[in-house]
Structures are given as structure tokens and as C-alpha cells.
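Both of the next two complexes hold chain A, though its partner changes from chain B to chain C.
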Partner chain A sequence: MARPAVLPYTKPVRRRERNGELSERALGLILLAPMVLMLLLVVGYPLIDSLWLSLHRANLASPEQGQPFIYLGNYIHAFGQPAFWYAIQRTLYFTVISVAIELGLGLLFAVLLNERFRGNLGARLAMILPWALLTVSNGVLWAWILNPTYGIFNATLVNLGVLQAPKSWLSDTFWTMNMIILADVWKTVPNMTLLLLAGLQPISADLYEAADVDGATRWQKFTGITLPLLRPVILVAVALRTIGAFRVFDIIYVLTGNGGPADSTKVISFYDYDQAFHYLFFGYGAAISWLITAFMLVLIVLYTRLLRSEVEV
Partner chain B sequence: MRWTLLLLYLVYTLLPIIWLFLSTIQTEASLLTLPTQIIPSDITFRNYTDIFKPAAFGQNSGESTFILALRNSVLVCLGTTAISMIFGTLAAYAFARFNIPHKRTLLLVVLGSQLLPAVSIIIPLFRMFKTAGLLDSLMGLILAYSTFSMPFVVWIMAGYFQSVPRELEEAARIDGASRFQAFLRVALPLALPGLGATAIFTLLNAWDEFFFALIFTSTYASKTLPVALAEFIGRHSVNWGLLVTGGFIASLPPIILSLAFYRYIVSGVSAGGLKG
Partner chain C sequence: MFQDNERGKIRRRSILRTVSRAGRVALLGCILVACGGTAATPTTVPATAAPTATAAAAAPTATTATSGAATATTAATSAPTVASAATATTEATSAPVAGDQVVNMLWTDTSNLRQPLIADFTKATGIKVNQVQVQYNELLDKINTSVQGGGDVDVVEMDTIWTAQFASAGWIDDLSTQIDDPLKKDIPASALGAVTYQGKIYGMPWYNSAKHLFYNAKLLKDAGFSSPPTTLDEFTQQAQATTKPGHQWGSVWGWKQAEGLVCDWVAIMFTNKDAQILDENGKAVFNTHGGTEALQWMVDMLYKYKAADPASLEYTEADVQKAFQTGTYALTYNWEGDLPADNDPTQSKAAPNVRVALLPGSKDVRSSSVNGSEGWAILKQAKHKEAAWKLLQYMASPAWQKKSAIIAGDYPILSSLYSDPDLQKQVQDFSVYGEQFKYLAIRPQVPGYAQKSDIIQKHLHEALLGKVSPKDAMDAAAAEVNNASNAP
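Now for the complex of A and B:
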């Protein structure tokens, strides 16, 4: 299937409209209308409404205070909140480490599965299982695995002598976030692997054979042939995964319903959810969400530039 | 060397899933034995029937909350997929074939809205739904889900239509078909594989969605499976056997669909079909 791209428009052969037939432009606009109208309704309008709301103080818990217009008050408040910056730091930690591990393991598995061997299809199918598992189910699974008393993780570590006594992994200020990364990365590596595998397919085997003739080692083949040719796909995959990791919420909620011990897992999405739907600071929450949106838009623009440049290759 | 790697890969990929399944087929006594045992001592499939019993999963007047959640998930996912596929495919065809003013920008805006995080719009959507009486409703969820489903359909199908040669549609037009008829009778049937892959992806993404469902639902009139599961985990006295069984059953439809349509998954993922 062709990689969808920002489409270069090729002029079709124009044909006269028949009687009663709509012109190309008219039909095009009619076909577009339902989608555009719907997006305007559920994305366009909310974005504007959110911006407007962010300029007001709107604490739903104290309705008697009304909703005064406070210009950029919410934004200034955010920048002065240590909790806000800590949430950003936590998000960066999660994103950088997750994407790094996913890329490393994804490359490893993709190269492995790209080779021809018996049972290759079965091995590839195995990847589908963590991929298709629900995010919430994955959270349930790892909550069970990491259960302090009955979980298999503690049991194994204690048996191997690594731990003296069972540890409460999801109550530890340092470990909780790392365990969440473990749970999320485990499920997401197949995504990366599939993407990279797709990028490996078009690389011709002749290149490797020629390198073999020249006596290249495995490592040299990998760094000299695979990596450079895979570069565009790697960039796109990393960009996509970064965008995804930055907005993580589900797994955080399932494994640490309140943002973790000492807020150690309160990533920016969770911080926003907490402020808006727990404390009912709707105006402040809207401001936070617009800060997130602005940042994501930058990432998205970079990503689309990347897509375009990669397609031209 | 390769075989060690393969073993490592299989252990990594399958071990937690196997552990998940093993945990669903034990009695509570066997599951909570200390020291933790790897081989279950007492196998039973009771969890798979117990979970459908009323109040197994949460308070609700006599009806099985799990079945209600299941029903809600199914309805919301089918509704989302139907609307997104119809609106999205029509728009995609327009993008692929017609001269639309500012097409490039519009397409990027569509892609951007697919990648936007839920937090960007969840607060205003909440207010909108509250005013419109769409909170705790299946229709509200379907509307919310279309914010990421529809752009996705447009993006994938636009690329797909672009790769289908125009000649056949041109031939149909020479034979007297209108542009719309050429779309309906020629382009659409040719695009069936792409439509199938896109529909499956849309379904899977909607089935998995949690954040919108968490905020917009409050009773089992609309609570979906992910919300029901997450609620259950917050309890003091968690029935782990039931919980992991619920998690496993909820994942069966996506697992079965993905395995059955593996080829579509692969082509879809390589076309950027991931939800974040």
C-alpha cells in the first residue's frame, strides 16, 4: 500500500460536464463537506473555546465567583507553578527513555525478523499479541505482575536472590515511573518493530551480498548499509513515537490513579486532567491544555516536514 | 547467535501474555498462593462465567456490568467506524482526485487534528456535551472519537486512492458515467482492501480508547470496557482473577481481528496507522 503523502497534484484530463452533472469543484466540495463540518464542530470550535476559556478564571467548584476575564493570568500562574514544571520534566523523562528503548529494541527485533528462517511468520505473528492488547488491559497485566504480595516479578527477583524482600514497585518514588515505562515500552516495541520492518523490506539483499564479498562484518553491514538506508524510516518512527509518548495518559491512570508517589508519574496530560477534572479549575486547565497543544503543534509541523522530505527521497 | 536472539524475542513478546492467560484460569486460592507459583495448582475456567454475572464488576441493579460495558464498546466502535469511514472516504476521494482550493494546507490540518492529544479538546468538549445533554451517552462518545478516527481515515484513504490509477475511472466517464458514479462503481470497489484495512484500524483504535470514555461517561449506560476495567482496579479488595480475565476477554476481539487480518495490519502500520 502506498505511503500516504502530502499529495502532489497531477492534473487529470479534463472532460466536459454532462448535463446535470456537477463540476469537479462542486462535487469535490460536496464530498468534503461532511468531514470538514464535523471536524469544525468537534475540533475547530473546541480549540477556540478552550483558548477563550483559558483567558478566564473558571473554578467550577466556586461558581459564585463567576468567570472573570483575567487576560493571561492562567498562563502566568502556570509558569510560576513548580508542579507544572515538574510535570513537564516527568513527561520528558518518560518520552526520552521510552523512545530510546523502543528504538533500540525495535531495531534489534526488526533486523532479526527481516532474515529468512523457518517459523519467521509465526515469530512475526507473535508481535501482534502485545500490539493488540488493550492499553488498559496492559495496565491491568502489569499491575498484576508488579503486585507486591502476589506478583510474579517480586517472586522471581526474591527467588533469584536479587531482592531480599518483596518490593512495592508502584509506591516507590524512583521506581514507579520506571515501571510504567517498562509496562508501556513492552507493549509499544512491536509498533516500532513493524514500522522498521516495513522500512527494511525494500533494502535489496544484493547490497549485503556485495558487502559479504568484500568481507564486511555483521556490524559493518549494519552500520554501513542498514542504518543509512533506514534513516528516513527511523526519523519518522521516532517523531511519531515522540508525539505519542508526550501525550501519554492511559497507562499512568491505570497504574497510578493519582499521579504516583510524590507526583512522580504526573506527566503533563495527567497534571492537566487533575487540575481540570479533580480540582475543577477549568480556566487553568484550558490554559495548560493550550500550552500542550502549542508544543504538540510544533512537533506535528516538524513531523510533517520530515514526512515531506522523506517522500521526496 | 540468531537463535539466542530469537529466543529472547519470543520470551519478551509472549511471556507476559502467557502469564496473563495462566492467571485467568486459576481459582482464587491457587492464584493467591504464597510463595507465588509459576505452574498453577488449580485450573478452572470459572472466571470466564463469573465475569458475566451481575455485580461481578461493579454495582449495577442486577445486570451484568461486564456485558453492559461490552455492549457499549461494541456500539461506540461500530458507530465511530461507520461515520468515520463514510465521511472520511468521501473526503479522501475528493482530496485524491479533485482540484480543491488550498488542498495541501487542508490535508495537513486534517493530519494535525489526528495527532492532537485528547487534552487539547477534552475540556471544551465536556462543556459542549454537558450543554447538549450528550454526557454519559453513546452518541457523545462516537462524536468525540471521530476527532481522531475521521482524520485517520482521510489520511490513509487519500493516499490509497492516489495510488489507484485514474485510467479506469476515466474509462468509465468515457462510457457515460458521471464523476460520482465513477467513484461509486469503479474507484470504491478497487479500493476495497484499503477500506478494509482502514476500517479495522479505526475499530481497533476506538476499542482501545480510554481518556474520552473516562471523562464523558458516568454510568453503565455508556461506560466502555476500558473504563470498567480501570474502575475495577481502583478497588480495595480487588478480585485479581476476575480483573485479569476481564482484561483478557476485552483484548480478544482486537487480537483475533489482528491475527486474522495480519497483512492489513502490516501495510497499515507502515502507512503510519498508529494511534500515538
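Now for the complex of A and C:
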């Protein structure tokens, strides 16, 4: 009789423990229980509560109005507000440009730092330093750099002759957002670089040698070997950064205080913050948070789809 | 763990390998922990958690030890003060409830000018004061979160524009019966009005406050002016004459998109005797009653006369003070309390030339300024109401009011102190202060003011940036204010 190609599957029998010791499975559950409990309390309960709140009108500055149930009233109100859509637009601008720059610079630095050269360790340390700053400190730092009266940015540009007089960058509706992107990118590129550098490690040197033998140029090696093999890591990194950039708040709060010159830097988190914490429209604020979550879910689903495709070298 | 060679000795290389492995794991762990707060968590937690966490983190860390070097933004911070701010907040939230020998207060004395007064209070009554301090632009948010979150704060600093909101929401105690008549008679109407809502007094006035004209007497004299401007036209003239492109500017303003912008606009607007912001029904009428003209003057100062520093558009009042102290600006509007620092040679290059005068008016109005009086309110949820009331009484007493005028430049709320010879001698230009109170405009005291003010600020800023004409900006602002419902 021929040996079967695949052994028949037999369900593992659960051994009864003899001396009262916990089975592995039970032990696993017990060890996980505290964390699950904490997650339920800290994440699960606020989630459900926030969803429930978003279905009510809850204006905490007028408690005499009570908190009536208004179904999807808050969501419909959000869609009707031009300020809401403007905030989404500003957020998308920030996200797209900031992630694009971070990806480009991150790839460049990762590929560079992957080479062997003297001072490689020093270079890696220098690269990672901006990430160690608190976002708030980073914001204040850049606010001082960009200050028209005593900031070094203006001083340098004026001395080089690029500007005639110091420019007030943070009161220009076009430049403020771009300066915020600059400050945020400066701080977050190390994050991206690190991820991409880690993704470069498993790529075997044999592939590059084989490409050399075939006479490939550096650019061809980069686009033919590095990029395709790096694709899963790039997608993960971009997905994480997109979600982070969509939620940006603190750097904008520090640099502009309230959404910038003429609301040009009022991203969706800021709009939500205003509605919930300034005007105390908590029901509306909760609805906006869920809308933000919905936007991000769409993005995540998109990325997951992209990730599923096979990679061939 | 350690590999032995044939003779059983532990090899150096294997030790190094193990240690480096452990080190790398530790480093990775530290990095993961450090970056755990940024983008690395794609959970579906709604974003209200994020602003709450960052707002709570930003507010306590946004204090400064002294206003010496740090300005730029409203959230300046530095490493040593982060630690002290954290201790201040933890102190405030964990105060013992032992028999009203302690009181928790929330205010904006971030420059620590008034600490000697608190020390005096503790010496006089034996009550310990736990303070939480934030910058003014964060105060409202901090009060909101304290009330909603059930924090341990007893007394809060309350700006005149918030009295209506706090009172109508039921957050603060009615103190009408507790303030006795002699005290009420001694307080000018502007200070008492700042803490009154619908006829009831909801707080203890803390100081009178108004914007004043600060001028650099030396710069004006060099340009040939022996006295400061008394009308807006004279202001324009003097500012133009003292503007030397590249060296100095005639005027600097705090026109960042914040409450300070509305204050300046109101002060300028009320040089018109028919000015009005809201009518009796709460509808916006500022676009037809003086608001547009005021905005036009502000825009002209920037673009037509070029007598105002364009950087004004990103400055708050604190930045304006810093700028004025460089000695390269001739005129500005700012709150009282700046004078001592402006004329301190260790801090200011403009010393000792800075003087104070009445804000300019027009041919109909002698002077026009805006009321910024603040008071103190006791929260309904306060746990130490007795101690809180004692603190409020002390703050309204001549002991505090007089000393505060000298060390912090706060205006007394007690009319009797304005004829005090000591104060007139020790506080520079003291007589000017008392005079300005006769010419104060009051911002609307309605609940929902915060939202209306934000709308007006946005449109004012758009016009100041030259994006829309002043008339269009004011009309759009009025329309939006009238549409702003109280709840979605």
C-alpha cells in the first residue's frame, strides 16, 4: 500500500491534568486576563460610551437643555458644516504631503545608512536624535526659529539675500501649514528611516551581486531589487504614518494656538477639540471623532488590500 | 547561557555576545515605549481620547518660570519648569481635605509676580494655597476640563467674558449675599459688572483691567512729538513718522487670531460713539455699527500707512511686550502690568523711556479702551468653600490690592485706593490708570461668547491678511454669528 501523501488530521486530545496543574491553555487565559480587563475598561468602555454620546445632543454649557436622543443628527450636522469639510481638506493636505516627504527622505536615509562606512554608527545616532524630542518642545523650537524678530531662519534668509525683510511665516495662510509640515517631518523621519532600515536587513547581498554580474546600474538595482522587496515594509510604515498624521494635533496647538491664520491650520482634530472643549458640544464632538475613525478605517482597508498582493523579485 | 570551551572556561566572546544581545533588547524596548505615544497604534480609539490626552498633557506642561526669555507661543516650556509644573498639578489634585486649612486655586500668574501675596495670605490665615498655573489662552479649557472632570479646584480665575457662560451653566456659586455693602460701594461699576450676570454677583472682582497706550517717549521725541496721540488720526501720524524700515516700527500689535485681536478691535471700534456689537436680542450689528470702520483702520495701518509691523499678525500680547522691550517700537496697545517690566533695565532695552497714556479716541470720544477686568469664582463643586471665601475676601482687601498694584501692576478694585498717596508715588503713571476706567467698552456678556468671539477673530484675521475686504469680512462674521446655534 502506498504511503498517503498527507497524514490524516487527528484532533489533539485534551489531556486532563493529573495533579491539579493548570493546562497551558487555561494558564494563557489567566495571564491575559488582566490586560484584557484593562483594555476593556480603558478602550472598550470609552468606545461604546462615546458612540452612545454621539447619538445625543449634549451641550454641557447649557445643562438645562438635557441630553435628548437625536439619532444621527450630529453626523448630519457635521456633513452640513463647511468648516468640517475645510478641516478635512487641511488634514488631507497635511497627511499626503507630510507622508510623501517622510517616505522619500526615509528611503534615502535608510539606503544610505545601510551601507558600510566609517562613522555609520554616528550617523545613525544623529539621524535618530530629532525623534527623541517631545512634540511640544519641537513646536516651541520651531516657533522660535521662525520668529520674525529674533528667529534664525529669517536672519539666515535675509543675510543670504533671499528675503528683503524678515517674513512672518506663521501668519501666512500658505506658509504656516508648510512650516508645520517641516517641523513634523523633521521630527518623524527617524521613525520612518528606522522602519525602512529594518526592512532592508533581510535583503540578501547575493541578489545585488547577481544583479552586478548582469550589469545592472545602481538605479536599476534600487528599483528592481530594493523597492519590491521593501514593499510590505513601506506599506506598513506608510499606513502607520498616515494614521498618525491624520490625528495631528499637538504641533499645531503649540505653533499656532488655535488653528492658525484664518483657520488655515485647523485640522480635523483641532476642529473636534474646539467643538468639544471650547464650546462644550460633547455630543457633536463625539460624532466627529467617530467620523475621523471612519475615515481612518477606510484608509486601513485600502492599505490592507494593497498589502495582500504577492511580491516577486 | 555562557558557552564553555573544552576546558570549561567561560569565553569572553560569549559574554560580550550575551550582553550585547540584552542591550539591544533593552534599547528596542525603550524605543518602543518612547514611540508608543505617536503613530504606532492603529487602533480604532476615537480621536476624543487623543485630544484629551494631549490637551491634559499640554496644559500642565505649558507654564513658564519667568517671562524672561520664553515667549513666542502661548505654550512655551522648558525642562526644569515641566517638572515643577507637574509637581504643581499633582499637588493640586492630591490636596488633603483636612478641615479647610487648604484651598486649591487655578490662575495665570505664570510669571510668579504675585507669589509674595499668596505667602502673605498663608501667614495671615494659616491656610495653605495649592496653585495650578496656566497661560491665559489655555485657562478656559483648563476650567472646562476641571469642571467636567470633577477636579480638585476650588477657586478659578474668571475673565469678564466667561461670567455669563459659567453662571448660566451653573458651575459657580452666587456670591451676591456674601459680599457686604461697604465693599460693593467701594468697587467701581466696571469691576463689579465683570462678575455680574442677570443682576447676580457670581464672583469677587480681582482687578480692574484695561488696555492702555504704551509709548516709547524717546522715540517719539526724536521724531518731534512731545506728547502721545489722543486720536486715531494722530496715532497714524505719529506711527508713520517713527517708522524707519529695517530699524524700527511705529507700532506693534497683538493681532494673532486670538481673543487679544477682538480686544484691540473693540477698543478701536468704540472710538465711534455709535458703536455696538450685539443688539438687545443678541443679534450681531457690529458690521453696521463701527466694526467695519475699525477693521478698515487696522488694515490700513498694515498696508496703506505701513506703520504697523506685519509680524503683529502672529503676536499675542506677551509677544508684543517682548517686542516693545527691544526698544524698536514707538507705540502699542497693551494691558496694564507691563510697565514695571518694560522699564526694568535688566529686562528691557526700552527702559526707562516707556510711559503710559490714555488710549486714543476721536473727536466725539475722549478715549476708548476695552474692559478686561477679571474676578474670582468659587466652583459649585468646591470642597473647601470656607477657605475659598477667606481667600477671596483677602484678595479684595486693601492689604492685597495695594501690594499687588506695586509689585504686579494690577489695578485696585477699591476706588478708595486711587487717591492713596503711596501708590501714586510708587506706581509709575498711576493717575492715568484710574482715568482710563471711565472710558471702557465691554465685550458682550452672553453665554456662547467663546464661539462668537472665535468666529469674529477668524474673519478679522482674514481681512488683516488681505484675503477679503473689511466690509465682506464683517458682513460674513455677522452672518455666521447670527447662525451659530447653541447646539448642533
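Of note:
Criterion: the second predicted complex is superposed on the first by the 278 of 313 C-alpha atoms of A that agree within 3 Å, B and C clash if a C-alpha of one lies under 4 Å from a C-alpha of the other, contacts with A are read in each partner's own complex, and residues count from 1 in each chain.
Simple rule for what comes next: contacts are C-beta pairs under 8 Å (C-beta built on N, C-alpha and C of every residue); 3 or more make two chains touch, one makes a residue touch a chain.
This structure is a prediction, so every number in the text was calculated from the model and none was measured.
Annotation for the three-chain superposition on chain A: chain B and chain C clash.
In the superposition on chain A, contact of A:Pro228 is made with neither chain B nor chain C.
Of the two partner chains placed around the shared chain by superposition, chain C is the only one that A:Ser171 touches, whereas chain B remains out of contact. By the document's definition of touching, neither partner reaches A:Gly215: not chain B, not chain C.
In the superposition on chain A, contact of A:Phe277 is made with both chain B and chain C. In the superposed model, A:Met38 lies in contact with chain B only, and not with chain C. Put simply, more of the residues of chain A are touched by B, taking chain B and chain C as the two choices.
Of the two partner chains, chain C is the only one touched by A:Asn59; chain B is not. In the superposition on chain A, A:Asp250 contacts both chain B and chain C.
Touch criterion met: A:Asp49 reaches chain B, while chain C stays clear of it. Contacts of A:Asp263 after superposition on the shared chain: chain C is touched, whereas chain B is not. Overlay on chain A, chain B versus chain C, candidates 80-88, 116-124 or 152-160: the clashing stretch is 116-124.
When the two complexes are superposed on chain A, the residues of chain A that touch both chain B and chain C are 43, 46-47, 50, 131-132, 136-137, 139-140, 143-144, 147, 149, 191, 194, 240, 243-245, 247, 249-250, 253-254, 257, 269, 272-273, 276-277, 285-286, 288-290, 292-293, 296-297, 300.
Contact residues on chain C toward chain A in their complex (touch as defined above): 31, 34-35, 38-40, 42-51, 54-55, 57-58, 61-62, 70, 72-77, 137, 140-141, 144-145, 148, 165, 168-170, 245-246, 256-258, 310-311, 313-314, 316, 322-323, 326, 447-448, 450-451, 454, 458, 461-462, 465, 467, 486-488. Every residue of chain A that touches chain B in the complex is listed here, in rising order: 1-7, 9, 11-13, 15, 18, 21-22, 24-25, 27-29, 31-32, 34-36, 38-39, 42-43, 45-47, 49-50, 53, 105, 108-109, 112-113, 115, 117, 123-137, 139-145, 147, 149-152, 154-155, 186, 189-191, 194-195, 197-199, 236, 240, 243-247, 249-250, 253-254, 257, 269, 272-273, 276-277, 282, 285-286, 288-290, 292-293, 296-297, 300, 303-304. On the chain A side of its complex with chain C, the touching residues are 43, 46-47, 50, 57, 59-63, 65, 73-74, 77-78, 131-132, 136-137, 139-140, 143-144, 147-149, 165-166, 168, 170-173, 188, 191, 194, 239-241, 243-245, 247, 249-250, 253-263, 268-269, 272-274, 276-281, 283-286, 288-290, 292-293, 296-297, 300.
Those residues of chain B that touch chain A in the shared complex are 2, 5-6, 9-10, 12-14, 16-17, 19-20, 23, 31-32, 34-36, 38, 83, 86-88, 90-91, 93-100, 103-104, 107-108, 110-113, 115-125, 127-128, 143-144, 146-147, 150-151, 154-156, 158-160, 162-163, 166, 170, 173-174, 176, 178-180, 193-194, 197, 204, 207-208, 210-211, 214-215, 225-226, 229-230, 233-234, 240, 243-244, 246-248, 250-251, 254-255, 257-259, 262, 265-272, 274-276.
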